[in-house]
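Note that chain A is present in both complexes that follow, paired respectively with chain B and with chain C.
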Partner chain A sequence: MSTKIIELGSHQLALEEPMYFRVQLEGDRVADLDVMPGQVHRGMEHLVMRRNLYQNITLLERLCSLCSNSHPSTFCAAVEDVAGIAIPERAEYLRAVADEIKRIASHLFCCAVQANVIGETTLFRRVMEIREIMQRAKEAIYGNRMDLAANVIGGVRYDLDADSAAYLAGRMEEMKKPLDELYLQYENNPAIMARTAGVGVLTREAAREWAVVGPVARACGIDYDVRKKSPYGAYDRLEFEVALQTAGDVRARNLVRLAEARQSVSLIEQCLDGLPAGPLCADTLPEIPAGEAIAKSEAPRGELMYYLRTDGSDFPVRLKWRVPSYMNWDALKVMLKGEPVANIPLIVNSIDPCIACTDR
Partner chain B sequence: MAIHEPGSAAEPVGLFRINTGSCNGCDVELAVTSAVAEFDVEQLGCRYTESAHEADIVLVTGPLTVRAREEVLRLHAATPRDKVTVAVGVCPVSGGVFRDSYAVDGPLERHLPVDVNVPGCPPRPQALLEGIREALEIRRARREGSEPTRLPGDRKQPGKPGTDNFPARGRLSFDAAACVDCRMCRHVCAAGAIRFEERDESVRLTLWHNSCVFCGLCSHYCPTGALSVTGDWRLDHRATDAFRQIERGEVPYAPCAGCGEPIIPAAPQLLHAAFRRPNPEIEKLKNLCPTCRQRMSIGVPRR
Partner chain C sequence: MSDRTSPASDNLPLPLSTRERGPETSPHPDPLPEGKGIVDAGGGRLYPDQFIHNVAAALAGAAGEQTEVAWRRDRKGVLTGWCRLPSGVALLPAARAVAELQGRLAMVTAYLPERAQEKGEREIAYHFDLDGATLTLTVILPLEWSRVPSLTPIFRNCDWQERELMELYDVQVVGHPDPRRLFLDHSLPHAPFERLVPYSTFTNAATSKALWDKVMAGAREDA
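Then we have the complex of A and B:
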């Protein structure tokens, strides 16, 4: 069998972000691959140390725009841990609302892109139109369709009054039917099944070995969701089931995402129903002492970890991340092995790789 | 025989995207303009292309990372000579929040000519369409050898009813009369968009819309409401006008009522924030320098 090496870039991979793969082929099947990262390396570790804790809220929101709320909220949680700040209950609920809105939009974007990759243009447009309901809701409530600017150290800086809460509840109602319908489509539509079922399989054992997280792990039957395993913020007061699948293929990953999007709708409704009265922020300008902390959250792509060290000044001494895509894209080696070249873009998109997060 | 001009119904104008290392916000919103009917670039007679040589308009996102530079320049060089280049978002223009990083090699204009800027972080799809419209106008004018007719600074908000009923976080506005020169805005601005200059008669604040990421943190922490977020998102402009996109105000010095030293008086908004209902005694404080204020309230200046 002939062996050759090809290089694929973002245009061939149908990715929004620049990423390059060196793929080793045997015949027309993938034998091995190398990810060549770094195109979106913006020197974030260097930048965060040159920006004070306030500036970092905005900077970190732009670490990646698809999970843009997870970054500042997890960062703020780390700062609050160092300073011993307990944020008001209302702020905990409002952070959860912001996170879940972003989760729905992020998951739908991933499912839409995959529909486009397999040539289901009508479905692609349909998913994007449904996602648009969330985009509009974000703009109406937060003033921006991607970067919500919801978090500050000690709480949040947006509020839901009776009007905006009712508006958001209306949008959630509007999402239910389309989300249920999309789940059935991705589950049963024969054309989609033909392209996604049994494709890009990651076994449960391999998933453990490669330490994948988020929907990629849950699609292999691994019951791991930070919101359940180590609840933060309001999540210990909210009810939901961890979305699980067992097949570990592209289809299973999408079903996990769509089930989670549907749960997010319910989580937002629970937040709106149980939204406690009270202040939005513990203290406008709290003193941040020297210390260190780790904060975790369940970002749309999986477990997101922040390590923060401070020295009593306004500037962090160290800020480190572990982002979910890092482990997930390493596992592409396993998912792609033996797959035909034509499936590469689909499988790559099925892990919802966030290059901005990973390259930083 | 009919000649098919690009831009006619027969041949749409080709849009080609280059990501120079963005956070993906602008790119995801550009994807919206190819997927969502209301914002589809088709309404402008455009379509997206995957090949550089079909590019009539090049849309560039991201701050231009060192790692991506070579490939970006190669792609841009492969586009036709008469294309129009649009910088999408503030990153290509100023670096946005990523400025001053060793890994960023912007601004884009140092490496290739840019025609239009579309500020925003990310710009909403309506703003993207306005930027593309501006690029189409430049393209038409170039082909006809005429001047583009659209006036710079044309800030008329376009909009079909129903598309624009939400207030987006847009341009920041500065009310110098409320400013007390505390500079908290500059302290919290991740993008370094705000500058204070001490002049002879006043302190001058300048905010550059091509650096601002419209997060509104300055306005959140401003104690007097001197900085506020407006709903004005129409900020697309010719790249040659990049440095005219500013908000500026002068906060004049006034002599201290006690010693005559020039000071920035406390704005009424600050007194209201601190005392809720200031009485005439408190009102007197606003025109005093710190030393005179301490002398008046506790008898001696604090050491």
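Then we have the complex of A and C:
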């Protein structure tokens, strides 16, 4: 059998950001893979050490568009931990609302892109139309379709009054039926199943070995969700089930995402129903002392971790984060092994890859 | 409560070793029941003292009796453990002990701590997930000629973490299976986080055509 090495770029991989793969083929099947990141390395970890803690909230929101709320909220949680700041209960709920809105929009985007990759353009359009409800809700409430600018150290900088809460509740009602319908489509539509079931399989053992997180791990039956394992913000008072699948294939990953999007609707409704009265932000903030802290959250793609070290000044000594895509890339070696070349773009998109997050 | 004092934990000898622990066991000696059982009245997660004891015992057994873990519990009951290792020598046995406790490597942070030049020291923090709790092992290294053993043979996902650490800082990772650069272009100097490098040089911003040409040129070199 002939062995050949091919290079694939963003166009061939159906990615909107630059990432390059060097794929070793045996015949028309993938034998090995080398991921070449860093094509848009922005030196963000270099920049954050030259910005003060307040400026970094704005900078980190621009790290990634799809999980743009997870970065500043997790960073703020790290600063709050170092300084011993307890954020008001209302702010905890409002942070959860912002995170869950972003989660629905992010998961739907991933499912839409995959529909497009397999040529299901009608489904692609349908998913994007449903996602548009969330985009408009973000625009109405936060004034922006992607970056919400919802977080400050000590709380949030937006509020939901009776009108905006009612508006958001209306949009959530509007999402329920389409989300249920989409789940059934991705679960049972024969055309989609033919392309996604049994494709790009990651076994549970390999998932543990490659330490993947988020929907990629939960699709292999790994019951790990930071919102449950290390509760933060309002999540210790909200009810939801961890979405799990066992097949570890492209279909299972999408079913986890769609189940989570539906649960996010319920989480937002619970937040709106139980939204406590009170301030949005701690009134006076202490000086940020020297110290170190870890903060974690469940971003749309999985566990996001921040490490902050401070020296008593308002500049971080070190601010490091590890995004969920980081491990998922390398695990593509397992998912792609033995797959035909034609399946590469679909499988790559099924990990919901984020290059902006990975390269930083 | 009966679940947490199940007799299963009684026949678990310390220190732990792989022979005594199955590959799929939980880091908790007595796995906590899912759902309501793991949440206390204040909504926080409860970790049994046995868990803290087991981590301490495993690390002390591996990296020396003086190894201590300081645990902090946040308002939600989530634990973070902090342990400083006096030298790079203790890292490998300590990491093996964490692997035996079914820990997952979550992140590696290399950094120059405050007054690094004055003290002649640098630090690398290895953050592990132990079923929701985060354990950080910080190894203190000399500023010059820093060497640490690679943890990639123990934690496969340490591969990228160490490749990134090696290109950003002047640290040699001994025994890494694939020590190529990961993110940074070859035109950049080694260890840019320890040198003054202009930001525009550092990010090496380019058009997609230039990127593609570079990748193709790299492919020709490899051929």
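Everything that follows uses one rule, which is that the second predicted complex is superposed on the first by the 357 of 360 C-alpha atoms of A that agree within 3 Å, B and C clash if a C-alpha of one lies under 4 Å from a C-alpha of the other, contacts with A are read in each partner's own complex, and residues count from 1 in each chain.
As a working rule, contacts are C-beta pairs under 8 Å (C-beta built on N, C-alpha and C of every residue); 3 or more make two chains touch, one makes a residue touch a chain.
Fair warning: this is a prediction, and the values are worked out from it, not measured in the lab.
After overlaying the two complexes on the shared chain, residue contacts for A:38 are found with chain B and with chain C alike.
Applying the stated contact rule after C-alpha superposition, one finds that A:18 touches each of chain B and chain C.
In the superposed model, A:244 makes contact with neither chain B nor chain C. Looking at the shared chain after the overlay, A:79 reaches neither chain B nor chain C. By the touch criterion defined above, A:104 reaches neither chain B nor chain C. In the superposition on chain A, contact of A:47 is made with both chain B and chain C.
By the touch criterion defined above, A:296 lies against chain C but remains apart from chain B after alignment on the C-alpha atoms of chain A.
In the overlay built on the shared chain, the residue A:115 is in contact with neither chain B nor chain C. 10, 18, 38-43, 46-47, 359 are the residues of chain A that lie in the contact sets of both chain B and chain C, per the superposition on chain A. Interface residues of chain A, counted against chain C in their complex, comprise 5, 7, 9-10, 18, 20, 22, 36-43, 45-47, 81, 86, 208-211, 223, 226, 229-232, 236-237, 290, 292-294, 296, 303, 305, 307, 309, 311, 317-318, 320-322, 326-327, 329-330, 359-360. Interface residues of chain A facing chain B in the complex, by the touch rule stated above, are 10-11, 16-18, 38-43, 46-47, 50-52, 54-59, 61-66, 68, 109, 112-113, 124-125, 128-129, 132, 135-136, 139-140, 142-147, 149, 152, 157, 284, 354-356, 359. Across the complex, chain B meets chain A through its residues 19, 21-25, 27-29, 31-32, 35-38, 50, 62-63, 65-68, 71, 96-98, 100-104, 121-122, 124-125, 166-169, 187-191, 213-217, 220-221, 229.
Contact residues of chain C toward chain A in the complex are 34, 39, 43-45, 74-78, 80, 82, 104-107, 109, 111-114, 125, 127, 129, 131-134, 136, 155-157, 159-161, 168, 181-185, 192-193, 199, 202-205, 208, 211-212, 215-216, 218-219, 222.
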